[in-house]
Each structure stands twice: as C-alpha cells, then as structure tokens.
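What follows is a pair of complexes built around subunit A, which joins subunit B in one and subunit C in the other.
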Partner chain A sequence: MDLGTLIPQFLPEFVLLGAGLLILLGERVGLERREYFGALSLAGMLLAFLLVAADLGTPGMGGLRGVSAGQVDGAAIPGALYGFSSLGLWFQEFFLLAAGLVALAFLSRPSVERGAAVSYALLIFATLGMLLVTLAADLVYLLLALEITAISSYLLVGYTRRDPRGLEAAMKFYIIGALSAALSFFGASLLFGAYGTTSLSVIGHSWPSGSGGLASAGYAFLLVGLGFEVTAVPFHMWAVDVYDGAPDEVSAFLAGGTKKVGLFAFVLLFTVPLLLVGSLSSATGSARESIQLSLVVLALLTMTLGNLLALLQPEMKRLLAYSSISQAGYMLLGIAVGTAPALTGASLQILAHVLLKTGAFLVVAAVSALGIGPLVADWRGLGVRRPYLSAAFALFLLGLAGIPLTVGFVSKFVLFSALVQAEGWFLWLAVAGLLNSALSVFYYARILKTMYVDKSPTAEETAPARSGEPLGADGLGWGRAGAIALAAVAVVALGVYPQPVLGALGTAAQHFLSLGL
Partner chain B sequence: MSDPITTASFLGLSGALLGIGLFGILTRRNFILLLIAIEIAINAAVLNFVYFAAFASTPASGLNGQSAAVVLVGLAATEIAVGLAIVLALNRLRGSINVTEATSLRL
Partner chain C sequence: MFPALSFLLLTLLVGTVLTFLSGRWARWVALGSSMLFLLEVSGLLSGFSWPGVSASGVPQYAYAESYPWISLPWLHISYTVGVDGISLPLLLLTAILQLVTVLYSFDERRQPAAYFGLVLLTCLGCAGVFLALDVLLFFLFWELVLIPMFFLIGYWGGLRRRYAALKFFVYTHVGSIVMLVALLVTAFYSHAPSFDFAGMYVPAQALGVTTQALLFAAMLFGFGIKFPIVPFHTWLPDAHVEAPTGGSVLLAGLLLKLGGYGLIRWGLELLPTGLVHDQPLLYAVAFASIIWGSVIALAQRDLKRLVAYSSINHMGIVLLAIAVDSNLGLLAAVLLMFAHGVVSALLFMVSGSMHHTFGSRDIATVHGITPRTPVLSTMMMVGALASLGLPALISFPAEFSALLATWDRLGYWVLVPLLLLVVTAAFYLWMMQRVLFGPTEGVPETARDLPWPEALAMSMLVALTVLYGILPGLLTNVIIHSPVYGLP
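Up next, the complex of A and B:
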C-alpha cells in the first residue's frame, strides 16, 4: 500500500496531523499568541468534520475517502488492519465535535501562556488517535490508536507544568493508564495465542471454540484493561482525581471525549461475540452469555455506584466526575445487549453525553474563571448573578437527568425502549436504568436549588475575581461563551428534532451489526 | 516434539512477569522504579506475542505476531518516555519523585 492510496483514505486524519505539526512548527518559528494556534486547530478540526460529514452524506460513501463503495460497511477483509463503517464515521463526528468545543473554549485561557502551542497540538493528536480507533479492524491497530489518545491526554492533563495539582493528576492518570495498557496488551497477546491472528472479526467469530480457555482469559484481561479506560466501577477511582486536578477545559475533553473512545473499543471488541448469543450450541452460547453477563454487571455497578457517590459530593467538579462515571453505565448497558436499537441508543447516549458533559465542564471552567470557588455551595445564587450561564448549566443538568426537550431525554428513551424490546431479563435492566435516572435527579436538583433558590453570598464572602485583563463576554471569555452556547443550542436542537440523526444512527448501527454476522 | 518448553510453562513465565509488573505498579513509591515495573508488565505481553509467533501454525500468522511484538516494544518505549517527562516536571516542581508525597488531590 503506497501513500497515494493511503492519503485519500485517511484524508481527515491527515488534515488533523498536518494541523498539529503546523502548530508545533509555528511555535518553533516564534509564534506566541494562543489565538494563532487556536485558529489553526479549529480550522483543522472543522475541515476534518466537514470531510467526514461529506463521507457520511455520500450514498455508499465512495467519494472523498477514496475507498470503493463496497468497502464502507462491507464485509471485513481478512487480514485488514482497518475498515470503514458508517457507525465509525458517526463516532468520528462525535469526537471531532467534543474536540472542537474544547479547542474553542481553550481560546479563553491566557493569551500568552507556556505550553499553549503544545496543548493545542496534544489536543489534536489525541483527537487523531480517537478517529483512528473508529476505523480499527485489528486488535493491535486498535490498541495502538488507543495509546495515541492516551499518551496525548496524559500530557494534556499536566501541560502547564507549573500547577502541582495538574501534574499530580497527570501522574495518577499516567500510572493508571500504563496499568490498563499492560493489561490490555496481555489480553491481546492471549487472544493472538489462541487463534494465531489479531483480526477482530476472526477472533470474535472463533471464540470460544478450540482455545482451552486462553481466549476467554484474553477477553477478561481486555475487559479489565478497557474498563479502566471507560471508568467502569470498580476501575473508576482514578477518574475523579484526574478530572478534579486537570485544567477545567481538559477535564471537559477527558469526560466528553477520550472516555468515549474506550466505549467504542468495547463496541468493536464485544459486538461480534455478543451478536451470536442464543443462536449457537449450548457450550458456545453459554460462554458468550457469560461475557454479556459480565458486561451487564459492570454496567449496573457503574451506574449505581457512580450515582450514589455523586449524591455525597460537595465539590462541583468531583460531582460531575461521578455523574460522568454513572452515565458510562448506561452506555455499557446498550453495548451489552447487542441489538441494533440498543446500539443506536448507546450511540445517541454517547452523542448526548459529549454535548452535555463537555458543556457542563466548560461552565465549571467559566465559573472558576470568575473567581467562584470549587464547592457546590459556592454557586449559591448564581442564577441571579449570572442568568445566562446558569441557564446553560441548568439545561445541561436537565439533559443529564433526561428531562424532555433535551437530547438526554431522547437518548435515554431510545436506549430504555430498546432494552424493553429486547425482552426477557433485559426488561429489568431498563427498570434499573430508570431507577438510576430517578436517583440522579436528586443531586442535579440539589445543584439547581443552590443556584436558583439559595441567597447569594454576601460581598465579603466572595473571593475577589482573578487578576489580569478582564475577559470578553462579561468575564467569561468569548471562546468559552461560544462553546457553551454552541453546546446548549445543539442540546436543544437534537432534543426537539432528533429524527435525522436518530434515523441515520439506526441505519448505521444495523449495518454495523450485519457486518458482524 | 522433544521441545521442553510447553505452552503452559511459557504462560507461567509471562504470567509471572505480568504479576511482578502489576505488583510493582501498585506498591512502588519511587516513580523511576514504578516505570521499570510498567516496562516489565508490558514486556510480558511482548514475550507472549514472540512465543506464539514462533510456534504459529502458518507463516502469515507468525509474521502477524512478530510485527505485533515490534509495535508493542515501540509503544512501551513511548509510554516510558512520557512517564520520564512527567517525572522530570514533578521533580522540578517539588524536588521529589516519591509518588506518595503527591497528595494534594484526595482519593
């Protein structure tokens, strides 16, 4: 395979790579101001977004990618490292959306800051890794792409190099990431040992025949390794500390972006094994049922514990981190069931979460830039002091709770009704999900009450605003304000009129599943 | 086959390496030793790939495993390089590379 065919196939990815390298080059030749780097990375992300959108818009998607029509959503080619599926391309759009919102908000950090260029370049490289994950058809390719994202995000967490909390978060993130990588690699090596190939579809179809438990052990190691990545309980402890210590915009990217990559890796790894549950001989079927059961247990633990711990949190960022953990549980549930509607629901839930969580963390970033403290109690009376910002935050919280007219309601509705349709004991999963949603309303309502009902702190209680030149958009910074507004508009737009995205995602999920058979 | 190495004994070896690495990651206080533990844990997987590739049933499968091993060696090196960068920054900031002294974030 020469570059002439490779570059068109990976055009959006090459655009991002070019933008990242240009930013680093720009810093070398003496560019200093954040605005240049920000504009360059936003341009790169927008171009990549449009290119992927063009791919999705072309029927058969032959056009821009330079892949023949049969290659998209076509049967897996034996030995291929990567393949194009429309579901994967949709996820590329989600990831580019999260990265774009964060890049926009990043503009509101100090204009001349050490590491400004590096932080943008790392953001781009992390996004590049995320895009590559969605194309993976091979275990080693998948792990390589995951590592590109992971390594960029460790550095992104500690990019300021001056903030002890950020560096400490980077260290913890790094240790856990290395642990998870070692476990995933070991799992991959066992799967290779069992079937003599690293092709995801071959492994998925062969399992569990003729491996003497080797492959099952491999899947178990991968489940744990990737479990760290998606902050599934009991592998979640690092997430709260890391989200807390990282710069606020980076927390938004971690919660809204990189975590979803692990979820898509789950889709790639476990969809084929799960698809054939029930349609197989008893021995094979029961092995597959065991993997489904472990995914379901993981999902239930994750959403319940995440919600319970969030109830007790007095700090805003840590509370959002726990709520983000619990949301991962819903998505895992959709993946575990393995029917087309459930996969659609999980994908939509991931899109909803990208918008809602990124938006919520960006509001936290804006509020802390105003000099308001990290506790929920510090937000007393914010509804009066900052009506627009509070309205946006309230919208994101309502979306996370799943209130109608937000995208959060649509995604939960699709997901839970898919669980009900799947019949059997899946019905109880829908009940568990609904109960958990009800539980989560408690702490979201508590924040809303603090913001709108409680009295503002008196003047002497409030900390003085941070020194330095005042930011535009009433102290929020235009970049942040723009990103928050965009996310809020998208939340409502998709909540009121979800049909186009819903329909397209449904078709993509169906294609993806029929590929696996 | 007169070969004295069986898959079971080999998996014992790589499993032990993984165990040693994980134990080190969870217990070491010094960041440099922690990096070494990470390296050991990742190398368990590399060794597995090399072993399974050597006894692969077809040449293509053998090449698949060998290339995977090479890729993982590269990944492990990258991972360690990033770890060292974090150590350097930490050391410059607080003059210590002891993991337990980094406690400004509650668990």
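Up next, the complex of A and C:
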C-alpha cells in the first residue's frame, strides 16, 4: 500500500489536510485577516465535496474521480482497514455540508477576536476525522478516526481562550470525551481478545459464537462509549453544558456535524450484528435480538427524555441542545431496526438534522451578535423586529417539529413509514416516535409563540447592542446570513422534492446492507 | 388534458403568497384571490362528469392527475389529485367560506396582511385535503391547516387565546398522528403497491376483519378529534370562543368537515368491513355527541359557545349518518356537512357582530335588538331558523335525510336525535324571542347596525341557505357521483 494508490483514493481527505496546513502556515507567515482563512477553508471543503460527489458517480463529474467505480460498494476485502460504501460517501457529503455552513458563518465572528486561523484549522481537522470515519472497515481505524474529530472539537470549544464558560465547556467535553474513548477502546480490546481480529465485518459475523461473554461485553462497552458520543440518554449530561458554553458556531458544528459521526459509527458497528436478526438459530438470534433491544431502549429513552427536558428549558441554546438529543433518538431508532428502509429513513433524518440544527444554532449566533439575550423570553417579538431572520428560524423549528414542506417532514415520514413497514413490534416504535414528535411540537410552538405572538420588550428592557464594528447584512454579517439562507433553501428544496437525494440514499442503504460490509 | 386541479392549487398558493406580501392592499388581493377561487370551483362544477368505477372495481376521479413524487423500492408516493361527488361540494364550501370570511373581516386592522394570508393558507390546506388522493399528500395538507389556524387563534383571538391555541394544536396534532399511523398500517399491512388511493383500494379491502376493525377504530379516533366526537371535543368550545370571528367561521365551517370527509374517504371507502364491525362503537360515539352537544348548548349564555356546542351536536348527526352505512346516510352526511358549513359560518358571524355591536354575546342580558339593528337581527333569525332545521332552509333536507337513514337502520332509536332536535328548536325560538324582540335592554347608545362588508358576507350565506334549501338537488345531483354512493 503506497502513496500512489492512497492519494487518489483519499483525495478529498488530502485536500482538506492541505487546506488545514496551509492555514496554519499562513498564520506563521503573518496573514491575519479572517477572510483569507475562511476562503481557503471553504475552497478546500468545496473541492472535497465535489471530489466525493464524483466518487458517488455523479454524472458530469467523472473526471474528478479518485475512487474507481468498482471500489464503491465493491466486495469487502478481508483484512482491509477501509472500504468505500456509497452510504459512507453520502455521509461525507453531509459532514462537508455541515462544516461548510459553519465555516461560512465563522466569517462573521468579530474581527477583533483572536484565533481565527486556529479555529478554521481545527474545524478542518475535525471534518477530516469525520470523513475518515465513514470509510472505516476496521475497529481500530474507526476509533482512531473518531479521536481525530474528538480532539479537534475539544480544542474548538475552547479556542477563544477568553471566555470562562467556553473553557469550562471544553474541559468538561475533554474529560467526558476521554472517558468515552477509554470505554470504546476497552470494548474494542475485548472484541479483539475474543476473535483475534479487528475487522468489523469478521467480528460482526462471528458474534456471539465461541467467546463466552467476552465479545458481548465488548459490544456493551462500545455501546456505552459511543453512546456518549451521540448523546444518547443516559450518557447525555455533558452535551447541554458543552453546547451551551461553546461559541455559537461551534455548537452548530457539534450538534449538526460531529454528533452524526458517532451515529455513523453505530451504523458501522451494529449493522452487521443486526443484519442477521431472526434469520439464525435461536441462541445466536436471541443474542442479536438483545443488542437490538438495547439499542431500541437507548433510542426510546433518548428521544423521550430529550423532549421532556427540552420542555422545561428557559434558555434557547439549552433547549436546542435537548432537542438535538431527542433527535438523536429518532436516528438511533432507524439504525436499531436495521432494515434498508429504516436505514434510509435514518440517513435522511441525519441529513435533515444537519441542515436544521446547524441552521438553528447559526440563527442563535446571529441573534446573540445582535445583542439579544440567551433566554427564550428575550426573543419576544423578534418576528416583528427581524422578519427574515425570524422566518428562517421558524422554518428550522418547523422542520425539527416535522411540519410539511420541510425536509424534516419528509425524513420523519420516511423513517416512521419504514418502522411500520418492518411490521411486528416495530409498529409501536413508530407510534412512540410519532408521540414524541407531537410532544416536541410543544416547545417549538412555544418559541414560535414567543417570537410572533408576544410583544417586543420595551427599549429599557433590551440590553444595549454589543460594541464592535457593525456587521454587513443588517448586522448579521454576510457569512452568517449566507449560511442561514443556504440552509433554509436546502430545507425547503429537499422538503418539496426529496427524490434525487432520497432515491440515492435508498440505493446506498440497500447496497450497504447487502454487502454487510 | 388541462391540469385543472393543480392550476387551482397553484392559483391559491400564488394568491396566499401575494396576500402575505401586499401590505395594506392585502384585503383587496385576498378578495380578488377568493373570487378567482370561487370562479374556478364553479368552472369545475359545471364541467364535472364522474368517470365512474373502472372495470377492476377501482374508483376513478374527475380532473385526476398523478405524478410520481418519491419512489423507493418499498415506498411509492405520488402527487395524485382528483375529485368526485363527495369532495367537490366540500371544495365549493371552501371557496364560499374563504370569500365570505375575507369579506366579513374586510376592516381587520391588526396586521391585515398576515391575517388575510393566514385565512387563505387555511383554505388552501382544506382545499388540498379535499383534493389529495395520496396518503402523504393528504397528510401534508392536513397538517398544513394546523399552523395558520394556530396563529389565527393565538394572535387575533380573545383573552385566553394562548391556552386555546395550544389546546387546539395539541388535540388535533395527536389526532393526526393516530390517523397517520392508521393510514400507514393500512398501506403497508395490505402490501399495497403504492400510497395513492387507487393503489390502496383493493388491497385494503382485502385486509382481515380484525385488522380492519382496529384500523377503522384508530381512524375514528384520529379523524374524530377534528369532528369533534365526545369525549375528545373539549378543544372546540375553547378554540371557538377565543378565535377571531374569521377563525371561528373557518374552524366550524371547514376544519370540522375535514374529519367527516377523511372518515368517509379513507375510513369507509378503504375499510368497509371495519366500519360494519365497529358500528356499535360508532353509534355510541355519535349518540353521545348528539346528546352531549345539545344538552350543553342549552345551558350556554354566550352565543358563540352555544353555536360551538350545537356544532358538536350537528357533527354527531353526521357521524350517525356515516355509521348507518347506507347510500341515503352518506348522501345525508355530505349534505349535512355542507349545510352545517354554511349555517354555522352565518351564526358565528352573527355572534361576532353581536359582540362588537353590543359589547357582549350574552343572550341573557341583550334583549330586543330588532328596532336598533334590524339587519343583524334578520341574519340572526335566519341563522337560528336554519340551525333548528326549518323546511325550505338548507339544513332541513340534510337533517331529514339523515334521520330517515337512521330510521331505516335503527328504527325507534331515531327518536333520540329527533327529540333533541325538538328541544333545541324550542330553545332557539325562546332565545330569539328574548334577544330579537321584546323591550330593548343591554343595548348601548352607540350601537350601530352592521357595516356593509359584514352585511354583504352574511347576506351571501343567507342566500345560499335559501337557495340550497329550496333546491337541494343542486347538491345531491353532484354528491351521488361518487364510488361510495353505489356500494351495496
């Protein structure tokens, strides 16, 4: 395995790596303006996006192709560290989308703030780790790629270095992250001990035969370790404090981007064990059913508790953080069922959440840049004061609530249809999911009511606008406004005509399962 | 063929968007858009010819269109629209009520662009529900109705508007969820090739009896909340009392009809065996609604609350007419939905005008209004007489055929709704005697008769009440052109 074959195959990743290093180099040679770093990052991400699109076989982009057509969804090579599945490549696109939106919004951070280059470089390295995760065919490779993302994101949370809340959040994030990594690696070592291999596919197919409880314990540790990563209840406590303390754009990236990596790790780890539920002898089948059951319980707990706690939150960012926890529950539900339709639904739900949650957190960033406080109540009458910004936020909330003509509606519809389609007791999961989404409507409607029905606070009540130079786009900053507008357009476009993406995801999920990677 | 229904939906959408954007000209844009809507529906009505049931027993629809929308190996969703004799009268009702609502609220001062835009959006959603013949499309429009109505109640409503808006939202949303699950289960468990009505028709009817019965019961719950059926009715009086008059008109006139329409289209047509199996349950719920609605209405002093409770009673009769599962019953159900749409709209307008003319809707304190406000008083009289089922007004043929259909199936049980009708009629007469005639009391000096937009809106409803009361054939000749009307 030499660089001659690695470079074309990992061209998008190398492009990102190059962009990140160039940014750090640029700072060393004395470049200061945020715009340079931003432009470089965006160029790198766009190029990577196009390269991945070419690998996915997008017509007209064949010339960019780095991975030959036969390698995508090709038969798994025994002992390979990585493999190219079209589902994984789609997830790369999702991650690049989230990172691109955040990079665009980063442009509107106050220009006096230090650490522009570092924040961009960290964003790129985190994204690089995310891209690598999607290609994993090996347990150790998977966990190492996850660590690249994790370490970059700890630093990203605290990059401003001035804000004590940010530092506290970074510290908390780091400690929890270290714990989660330790648990995951311990689980991996148990699996290695049981089967003498770290190949995901081999382990998945062998389990649970011939290892006593060792392999099952390994899976359990991995479940908990990754549970922290995806903020599954009861491993969710850190998420709200971290999202709350991090700079707003970073919260957008954590909720909209890095969390989804953990979900894809769930897909990689548990799809193969789940694939054969019911089709095997009773002893093997029941072990697999027990892992499905624990995933389902995790998913139900996550969405229900996330929703219940969101109901009580007076602060906007904490509310969105809990809503993000509950959304992870829906996605886990799709992964737990493990049929191709459910995986399609979960994937679309992940894409929807990337757009909706990133967009929502970026609106929060914009609103706080306008000098409006962190409480939901501070947003009173925003619909009158800031009609376009409020309309975008309303759109994201309606999408999260699953209201028609947004991508959130289509994704929930497909996901819950898939649960019904799986028949048997999965029907009740659809009911539970739908009841949860009804519950979530409560707090989204409460925000809408605050923005549109309640009276604006009087002039004395509003805090004076922050000092600093006025930003373009009516005080929002062009980058931030552009990112929000892009997300909003995508939310509606995919809500009205989802077929191109949904059809491709459906095929990708089908291939992913049929290969058993 | 010209895509008439898509064109209709498109013009509604354009009208809604323009209204939102047109600032102080909003009311004129809304009025123009509503007139166009009515014109288009009249065109559809005049060119309506029902293609009947295909050789394979699948019903067909007039002006049908179908384009694929989402296509996965296991999920086939299309944009499919069409009308038959059940949906077309309700579409006409939508157009009429949109026009009169815009007219009635012509002088709305608070955020007129948003108000008229939301009114038009509500009607767009309702029109979509009546036209959609695909599960997803139907559900999409169904949910679309919720949002504008939530804001209409929540922003333009009365003192307890927030509570009422939230209660409305939560109740109807829970109903939608149950409905959606029932529809999805019907589609998947019957292994229907697609999610459109024609694709589900034959497979759904082949489902087992128990499955059908359970699914129909779930649909009864889901659609029933919109009806509303007792005991899931408590959102209705609150929503009505707090909603602005325009909101109440749409709520009673259109939103309640969505439940009835849905139960016929997706419940009765797809799961006929389920309906027969669930008949005892349906009768119980229908009688409970009829009795509860009218008894509680008798105890009200607030005219708006009274009309709201009598809506529960009337919709209970609609449910009874559906439950008896006969041709006459279905004819009566659709006719009664149309009639109730017109009459309840009129009565809600009357109570709204009463409130801002006299500062009170209390029928126990406002007396003898006729000398001071003769026009309002006339409208109230026509509304009340129509509501109690006076012959030659629109409710009479509808209620008569509903009771006749009940007699055919249930014999003397028909006495329950009949006697309650008599009691309600007496109550209405007594109310009119006090409010309209006798010595003038509780009428402020400043009270003026109706402004012209309100008078015009109500006169149109009065004209329709009389027209369809004398010539119900105009409607029944349309209604019978539906697949349901022809089932054994």
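As a convention for this text, the second predicted complex is superposed on the first by the 503 of 517 C-alpha atoms of A that agree within 3 Å, B and C clash if a C-alpha of one lies under 4 Å from a C-alpha of the other, contacts with A are read in each partner's own complex, and residues count from 1 in each chain.
Simple rule for what comes next: contacts are C-beta pairs under 8 Å (C-beta built on N, C-alpha and C of every residue); 3 or more make two chains touch, one makes a residue touch a chain.
Bear in mind that the values here come from a model prediction, so they are computed numbers and not experimental data.
Novice: Once the shared chain is lined up, is A:Ala438 touching subunit B (first), subunit C (second), both, or neither of them?
Specialist: second
Novice: Which partner chains sit in contact with A:Leu293 here, subunit B, subunit C, both or neither? Use first/second/both/neither.
Specialist: Neither: A:Leu293 stays clear of subunit B and subunit C.
Novice: Pick one for A:Leu21: touches subunit B only (first), subunit C only (second), both, or neither.
Specialist: neither
Novice: In the overlaid three-chain picture, which partner chain does A:Phe192 touch, first (subunit B) or second (subunit C), both, or neither?
Specialist: A:Phe192 contacts subunit B only, not subunit C.
Novice: For A:Ala493 in the superposed arrangement: first (subunit B), second (subunit C), both or neither?
Specialist: neither
Novice: With both complexes superposed on chain A, which partner does A:Val420 reach: first (subunit B), second (subunit C), both or neither?
Specialist: Only subunit C; A:Val420 stays clear of subunit B.
Novice: Based on the A-chain superposition described above, do subunit B and subunit C contact any of the same residues on subunit A, and if so which?
Specialist: Shared contact residues on subunit A: none.
Novice: Show me the residue ranges of subunit B that touch subunit A in the complex, using the header's touch definition.
Specialist: Result: residues 7, 14, 18, 21-22, 25, 31, 34, 38, 41-42, 44-46, 48-49, 51-52, 56-58, 60-61, 64-65, 67-68, 71-72, 75, 78-79, 82-83, 85-86, 89-90, 92-94, 99, 102-107 of subunit B touch subunit A.
Novice: Quick one: in the complex, what on subunit A touches subunit B?
Specialist: 79, 140, 143-144, 147, 151, 154-155, 158, 161-162, 164-165, 167-172, 174-175, 178-179, 181-183, 185-186, 188-190, 192-193, 196-198, 237, 241, 244-245
Novice: Considering the complex alone, what residue numbers of subunit A touch subunit C?
Specialist: Listed in rising order, the residues of subunit A that touch subunit C are 340-341, 344, 398, 403-405, 409-410, 413-414, 416-418, 420-421, 423, 427, 430-431, 434-435, 437-438, 441-442, 445, 449, 452-453, 497-499, 502-503, 506, 510.
Novice: Show me the residue ranges of subunit C that touch subunit A in the complex, using the header's touch definition.
Specialist: 68-75, 136, 139-141, 143-144, 147, 150-151, 154-155, 162, 165-166, 169-170, 173-174, 177, 180-181, 184-185, 188-189
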